[in-house]
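Chain nomenclature is as follows: A, B, C, D, E, F, G, H, I, J, K, L, M and N, assigned in order of appearance, with residue numbering initiated at 1 for each chain independently.
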Amino acid sequence: MDSITVIAMVSIITAGITTGVGCMFPAISEGKAVARALESLAQQPDASDTITRTLFVGLAMIESTAIYCFVVSMILIFANPFWNYIIAQ
Amino acid sequence: MDSITVIAMVSIITAGITTGVGCMFPAISEGKAVARALESLAQQPDASDTITRTLFVGLAMIESTAIYCFVVSMILIFANPFWNYIIAQ
Amino acid sequence: MDSITVIAMVSIITAGITTGVGCMFPAISEGKAVARALESLAQQPDASDTITRTLFVGLAMIESTAIYCFVVSMILIFANPFWNYIIAQ
Amino acid sequence: MDSITVIAMVSIITAGITTGVGCMFPAISEGKAVARALESLAQQPDASDTITRTLFVGLAMIESTAIYCFVVSMILIFANPFWNYIIAQ
Amino acid sequence: MDSITVIAMVSIITAGITTGVGCMFPAISEGKAVARALESLAQQPDASDTITRTLFVGLAMIESTAIYCFVVSMILIFANPFWNYIIAQ
Amino acid sequence: MDSITVIAMVSIITAGITTGVGCMFPAISEGKAVARALESLAQQPDASDTITRTLFVGLAMIESTAIYCFVVSMILIFANPFWNYIIAQ
Amino acid sequence: MDSITVIAMVSIITAGITTGVGCMFPAISEGKAVARALESLAQQPDASDTITRTLFVGLAMIESTAIYCFVVSMILIFANPFWNYIIAQ
Amino acid sequence: MDSITVIAMVSIITAGITTGVGCMFPAISEGKAVARALESLAQQPDASDTITRTLFVGLAMIESTAIYCFVVSMILIFANPFWNYIIAQ
Amino acid sequence: MDSITVIAMVSIITAGITTGVGCMFPAISEGKAVARALESLAQQPDASDTITRTLFVGLAMIESTAIYCFVVSMILIFANPFWNYIIAQ
Amino acid sequence: MDSITVIAMVSIITAGITTGVGCMFPAISEGKAVARALESLAQQPDASDTITRTLFVGLAMIESTAIYCFVVSMILIFANPFWNYIIAQ
Amino acid sequence: MDSITVIAMVSIITAGITTGVGCMFPAISEGKAVARALESLAQQPDASDTITRTLFVGLAMIESTAIYCFVVSMILIFANPFWNYIIAQ
Amino acid sequence: MDSITVIAMVSIITAGITTGVGCMFPAISEGKAVARALESLAQQPDASDTITRTLFVGLAMIESTAIYCFVVSMILIFANPFWNYIIAQ
Amino acid sequence: MDSITVIAMVSIITAGITTGVGCMFPAISEGKAVARALESLAQQPDASDTITRTLFVGLAMIESTAIYCFVVSMILIFANPFWNYIIAQ
Amino acid sequence: MDSITVIAMVSIITAGITTGVGCMFPAISEGKAVARALESLAQQPDASDTITRTLFVGLAMIESTAIYCFVVSMILIFANPFWNYIIAQ
């Protein structure tokens, strides 16, 4: 296999795995936060404003780790400096 | 194996694994959220509006991580820049 | 092995694994939701309408992740662009 | 190994694994649902109609994921497009 | 190794593993259901009819996934289309 | 290695593993059922007839999955069609 | 390696592993049953007859799965049809 | 490597692993039974006779699975029919 | 493969894996903290200021470990000293 | 590698692993029994004689499985029949 | 591959993995500490000073293990004595 | 690699792993026993003599399994019969 | 690869892994201790001196195991006797 | 690779792994003991002397297993008999 094939191959594999693996735990984590939020709402309906606001701030921070992975994945597919260097030669 | 075969091969494998793996945990997570929502409904039937609304917002955010994986998978099958480059040569 | 054999081989394997793996956790997750729904019904029989409706919406969203996997699997067997390209040559 | 042997080989292996793996978790999941249904029946015998009905709908949806795997497995054994293409040559 | 040996080999291995693996979780699952049924009987002896009936329906559905695996295993040993094709040549 | 050796080898390995693996979980499962039965007996000595009867029916169904594995194992050792075909040549 | 060595080798390995692996879970399972029996005896000393009898029947059935493995192991060492066929040639 | 070396090698490895692996879970299991027995003694000192007797019967049955493994291990070291056959040639 | 290809290859793989793996546990951890914060808010609505402030400080420190991984990943893609040395030759 | 080296090598490895692995679970198990004994002593100081005696009998039986492994290990190092046969030639 | 490539390769991989792996558990651990701190604040709002101070000291010590890993990672990338020795030749 | 190198190599590896692995679980187990002892002391300060004595006897027996591993490790490094035989030639 | 490359390579890998792996569990462990300390402070604010002092002694001992790993890692990078011997030749 | 390289290589790897792996569980175990000690102190502040003393004795015994591993590691780096023998030739 020549260089181009190798770089393309590992870029594809890594992009897929990074997103596939990196989205697993944020999903778990958001599910946990949502589940606990629902439980808290049932327990203390009067505090629904504070609970909802804290939940959304928390979900945003958790989602951010999933987005790091998605960003790395997109960089590897569409803005890969190694690929650009190789095909530029 | 020539380059075309290799790129096609890893694209197929990665597309399958990314979706297969990446959908596992959102499913778990949604199940957890739904289960807890049902429990909360049974415990506090009067707050069913707030609970249902929070549940749906949460499910949407969890589903988003599954969709990232599905998107990467579709990109690898139908809009793969490496494949396009290789067959263009 | 020539290209056709390789592409056919990985398509078969990936299609099987994607469905096999991707259906595991939705099944778990639906089981959890159903189990909790039954528990909630036993605890609060009067709210059976809300519980049943929320359960079915939730099951539909969980089932959707299993269907993503099944769709990828069917695409790889019956509408595989790489296979079409290879046998077209 | 020639192409026919390879395709036959991976079809057999994938068919077996897809069913073997894909039936594991639906079984777990149905066991959980049934177990919780029995518990609910013991706790609230009067709601046995609603519980039984919800249980059967839930079991049907869980069974559906096992059936996806069985379907993929049967397709790979008896209606495999790659095998048909190879032996047609 | 010639084709016949290879096909025979993977058929034996796959048949064994499919049954071996596929029977694990139904067994666990039935054990769980039976255990919970016994617990429910001790807790609510008067509902023994409903409990026993629901248990048997549930066991039948769980057993069905074990039987899918056993069926695939028997097909691979005694009605294997790939083996028939190979030895027919 | 010639064909006879290969077929004999995989038959031995598969037979051993199928029984070894396939008997693990039924054992766990029966232990769980027996343990819960003992607990139920201590809790409700008057229902010992129903409990014992349900236990034995449940054990029989769990044992059936172990027996599927043992049957496949015995078929592979003493009634193996692939082995018969190979040594018939 | 000639055929005799190979068959002897896999017979030894499989015999060891089958017993080693297959005895693990029955041991766990019997331990669980015995532990729960002791707990039940402490809780309900008057029902010691029923508890002891049910325990012994249960232990016998669990032990049976360990014995399946031991039997397969002994067959592979002392009554192995493949070994007999090979050394008969 | 000649046949004698191979057979000796796998006999040593299998003997070690069978005992090493096969003694793990009986140890766990006996620990569980003993721990629960101590708990029961503290809870119901008057039933110490029944508890002790049931404990010892149970330990004997659990120990039996460890002894199966030790027996297979000793057979492989000191009464190995394959080794005897090989060195007899 | 020449040096440039090798260095590019391992840089891509490592960058992907570092982010993918390193973001998993911070996500879990933030989910846990958020969930517990929601629970605390429901339990003690009056202390919402202290709880929210402590939560945000904690999330910042947890996020910092995810950022270490992202930083290493970015260094490997855009400021890799080994890559610079190799292509400078 | 000649026969002597091979036999020495696998004897060393197996001896180490058998003891290393085989001592893990007895240690866990004894820790569990001791921990529960301490708990029982705190709960029922008057029964300290029975508890201590039962504890020591139990520890002895658990220790026996660790000793089986140590014995096999020592046999493999100092009384290995395969090693004796090989160096006798 | 020449020496320079090899050293560069393993430095990149090790740097990535050390940070990726080594940051996982501190993240978990900080999440646990923060979660428990929030719980304690909700339970005993008056002790918020002591709790916050102890929390920050604890987080600093946990963070220190993550920093050890990050330091090793940075040493391997920017102050690697083996790399310096190799390129100095 | 000649015999001396091989024997030295496996002796080093096995010695390290045996101690490394074999000390893990005794450590866990002692931690469990100590933790429970502290709990018992807090619950029943008057029985501190019996508790401390039983704890130390138990720790000694648990430590013994760690010492078996350390002994095997030291034998392999400093009194290895296979090494002595090889270098004596 | 010549000796220098090999030694450098394994030194880098081992240094990274030892720190990466060896810092995981102390981090977990410190998190556990800190979390429990916070819980104890909330429960018994008057004993904050004893609790804080015991916590810091405990953290120091736990940190010591992380430092053993860091020390081994630093020895392998900056004071490695094998590396010194090799480059001295 | 010549003998010196091989022995140096495995010594480095084994030294690193033995410390890395062997320090994991003592750390966990000490964390557990410290956590439980803090809990006991909060529950029974009057027994702080006995608790602290028992804690320190326990920590010393747990630390001893970590030290066994560290000792083996140091022996392999600085007093390795195999290395001495090899370089003496």
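Rule of thumb we're sticking to: a residue touches a chain if its C-beta (ideal position, glycine included) is under 8 Å from a C-beta of that chain, and two chains touch if they have at least 3 such contacts.
Just so it is clear, the model here is predicted, and its values are computed rather than measured.
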Between subunit A and subunit J, the fewest steps along chains that touch one another: 6
Angular offset of subunit E relative to subunit G [C-alpha, multiple of 5 degrees]: 50
Length of the line joining the C-alpha centres of subunit G and subunit I, rounded to whole Å: 48
Separation of subunit C from subunit F, taking each centre as the mean of its C-alpha atoms, in whole Å: 30
Chain centre separation in whole Å, for subunit K relative to subunit J (CA means): 38
Subunit L: positions in contact with at least two other chains: 1, 11, 13, 15, 17, 19, 21, 24-26, 28, 30-33, 35-37, 39, 41, 43, 55, 59, 66, 73
Graph class of chain-chain contacts, one of line, ring, star, complete, other: ring
Ordered ring members, subunit L first, subunit N second: L, N, M, K, I, A, B, C, D, E, F, G, H, J
Contact set on subunit I toward subunit A in their complex: 1-2, 4-5, 8-9, 11-13, 15-17, 19-21, 23-28, 30-39, 41-43, 45, 48, 52, 55, 59, 63, 66, 70, 73, 77-78, 83, 87
Residue numbers on subunit L that touch subunit J, as the complex places them: 1, 3, 6-7, 10-11, 13-15, 17-19, 21-22, 24-26, 28-33, 35-37, 39-41, 43-44, 46-47, 50-51, 54-55, 58-59, 61-62, 64-66, 68-69, 72-73, 75-76, 80-82, 85-86
